[in-house]
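The following pair of complexes shares a single chain, chain A, combined with chain B in the former and chain C in the latter.
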Partner chain A sequence: MITPFSDGGYASGAAALLIGAAFGWFLERAGMGSARKLAGQFYLTDLTVFKVMFTAIVTAMLGVFWLGWIGVIDTANIYVPETFLIPQIVGGVVFGIGFAIAGLCPGTSCVAAATGRIDGFAVVAGMFAGVLGSGILFASLRQFYDLTPRGVLTLPQIFGVSEGLVVFAVVLIAMAGFKVANRIEQRNSAA
Partner chain B sequence: MRAYSNPYLSGFGLGLVLLSAFVFAGRGLGASGAFASAAAATAAVAAPDATQANDYFARYLSASGKPAIDWLVIELIGVVVGGFISAYLAGRLRRGVEKGPRISNRSRLTLAFAGGGAMGLGAVLARGCTSGQALTGGALLSAGSWLFIGAAFAAAYLAAPFLRKAWT
Partner chain C sequence: MNDDRAIRVLATAALALGALAVVAGSPRKSGPALDVAQLAREVSNESDHVTAVELAGWIRDRKAGLRIIDIRDSASFEESHVPGAVRQSLDEVAVAPVKDGETIVLYSGGGAHAAQAWVLLRSRGVKDVFFLRGGYDEWMDEVMNPRFPRNAPPEERAAMDSIAALSRYFGGVPRNVDSLIVRNRDHDGQASWKAAVKRARGRGC
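Moving on to the complex of A and B:
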């Protein structure tokens, strides 16, 4: 059994719809369709974004690691995004500033819009305009876009340690982060 | 309106969704890719030749340069459906503008559009957003994705003090 729903046929489309619906469901359940709640992350009054994101990352990371380890899945079949150092750092900075201004990110803006928030529609429209504009100007961005390519580069490769050790370290860091996040929330809600 | 779920529980659910995307579709979740696909389709209708010659848009079109229905577009339609159902069942469907008390609706919507525009450029340069890079690449331990997470959150924290009026 190797990624049965990646063929581009009807089954693949149905899987995309189901996976997307579950994605939207959990984002909304967590309150991630609310711009005010998300903005709380940046003023340290509500750290839901951090908790949800890192729990999701740790869960999926452990799942891939264990399923690969016992041989249920072949991790070579999973597409890992390629690394381009400088464009991803600069893109991250521009994205982060936009995130703080908008209070929503691309995925959560769709949930906000779906649940009636007009600001969600405005973020969706802005995001569409930004991608369209960047695409139209792509010839001018191209040189920068292609800087410092590193292919598929993973943290275990960089640190020269086993995947298991990095997975373990990420789990420990996340646990410590959750503890700190709870303490910050308690302090800022008491104040 | 019911209270939101426990963040760790929803995060766990989200992680299982991401894991099933890896296992069943061989890829992670995404959002900005669907925007890119929609932008490419729009451009292809408005200016077919220029769009087919555009290296960024061309990869989102079919071989003949026609708009193609991407996996991520269907997935993002699912996000809208799932978010709607969840909010409906919890009594959280509400029309309105979310903002702080000290800013007008108009300013908030202008900021929302501008912030979305900046995220569009950022996501093009970084090759993904909070879904495709942070969640997906983060779980796969991609170095570039972790750089993106660090850069995005650092920049958001540095920008936030200047935007306090919009939220508090």
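Moving on to the complex of A and C:
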């Protein structure tokens, strides 16, 4: 079995560039470079972001699961980030606040900047300033950064069920989410 | 209308693949990360542990990336510990993040818990991890209160002197004694100072 492009060499660099370019292209084509469209998610008038992201999750999940099952990729080689409960909750809240205020997230801010939007440039600059700042302050942040370590956690592990069952549950949740999102959009556009 | 049809087809395909996944169970994975035979080799060639004297040398020489973890209870840790050590429970050691380039040294009161923690970390794929086989007792006996026989042969004297200097660096009190009452013996039954001398000379670990 193989895990393509995991060698860290030129092939993985080239693959990353291609995938990144395609990702940016499709984000832009889906209208994700517009802060107004993204902010619509928080006002429940436009849930495109939710639908696009959940579609990506379901597609990737089914792809990885079945490619792993037929033996094309070795899922043991897939990096699963470790869980640090408190710092990740705090990070998620900070990220959410930033997302709601800027109307852009990291990927979409790059798309917005690439299409010449000034708010996109501002968010990208803020993002790099934040990365640089936390890098400089890392020594003093380290204690917080390492709080409440839980190791590598996955849903099958937490619930004690097979990966296939989790895959099916996520697909069902996505489908239900799409239905609800469509209803909310229709109701709010009619209002 | 075509869009609606395409969405329906894709949604049905996703549901079908999801439902089949329940039957499929789990994707294939390569064998376990834990190479038991490799661990056994490390134990038998004694590359799983460091001696207290070696650890003392690493601390004095400020070995890059050295992290010393004390897994005794907090009262014992508060009372005294190896300089620079941090206290962690066995549960914490099992999930604690380890960075590339770090060398972990574990010790407990005796040696059992530290050896178990070594297995936990090695099974997580952490490579540079060692434990003090004689635990904190070994640190106290070999570094803080080393005792050497007064009538030691000259070829062993130089190594003893270097251990004595190391001991003084940590505020220890090396002593020459007429008859050595052996408190610790290593696994071969050798007097522990002798093992320390042997290691200091040959770095056989």
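In this section, the second predicted complex is superposed on the first by the 188 of 191 C-alpha atoms of A that agree within 3 Å, B and C clash if a C-alpha of one lies under 4 Å from a C-alpha of the other, contacts with A are read in each partner's own complex, and residues count from 1 in each chain.
One rule holds for everything that comes next: a contact is a pair of C-beta atoms (placed from the backbone, for glycine too) under 8 Å apart; a residue touches a chain by one contact, two chains touch by 3 or more.
Not measured: the values here are computed from a predicted model.
J.: Under the superposition described at the top, does placing chain B and chain C together on chain A give a clash or a fit?
T.: Overlaying the two structures gives chain B and chain C room side by side.
J.: On the superposed three-chain arrangement, identify whether chain B or chain C touches more chain A residues.
T.: B
J.: Taking the superposition as given, does A:168 touch the first partner, chain B, the second, chain C, both, or neither?
T.: Only chain C is touched by A:168; chain B is not.
J.: Please indicate which partner A:95 is in contact with in the superposed arrangement: first for chain B, second for chain C, both, or neither.
T.: first
J.: One more residue to check, A:150. First (chain B), second (chain C), both or neither?
T.: both
J.: Now for A:117: first (chain B), second (chain C), both, or neither, which partner does it touch?
T.: A:117 contacts chain B only, not chain C.
J.: Given the touch rule stated above, what does A:184 touch, chain B (first), chain C (second), both, or neither?
T.: neither
J.: Could you say whether A:77 touches chain B, chain C, both of them, or neither, answering first, second, both or neither?
T.: So A:77 meets both chain B and chain C here.
J.: Once the shared chain is lined up, is A:58 touching chain B (first), chain C (second), both, or neither of them?
T.: It touches chain B and chain C both.
J.: Quick check on the superposed pair: does A:69 touch chain B, chain C, both, or neither? Answer first, second, both or neither.
T.: Touch partner of A:69: chain C, not chain B.
J.: Nearest approach of chain B to chain C by C-alpha atoms in the superposition, in Å, rounded to an integer.
T.: Taking the overlay as described at the top, chain B lies 7 Å from chain C at its nearest C-alpha.
J.: Both chain B and chain C touch chain A; at which residues?
T.: Shared contact residues on chain A (touching chain B in one complex, chain C in the other): 58-59, 64, 67, 77, 82, 84, 150, 156, 163, 167, 170, 178.
J.: Under the stated contact criterion, what part of chain A meets chain B in this complex?
T.: Against chain B, the touching part of chain A is residues 2-6, 8, 12-13, 15-31, 33-37, 39-43, 48, 51-61, 63-64, 67, 73, 77-85, 87-120, 122-136, 138-139, 141-142, 144-145, 150, 152-158, 163, 166-167, 170, 178.
J.: Sort out for me which residues of chain A touch chain C in the complex.
T.: 1, 58-59, 62, 64-69, 71, 74-77, 82, 84, 146, 149-151, 156, 162-165, 167-168, 170-172, 174-175, 178
J.: In the complex of these two chains, what residues of chain B are touching chain A?
T.: It is residues 4-5, 7-8, 10-29, 31-32, 35-36, 38-40, 42-43, 54-57, 69, 71-72, 74-87, 90, 92-100, 105, 108-157, 159-160, 163-164, 166-168 of chain B that touch chain A.
J.: In the complex, go through chain C and note every residue touching chain A.
T.: So the residues of chain C touching chain A come out as 11, 14-15, 17-30, 33, 92, 94-97.
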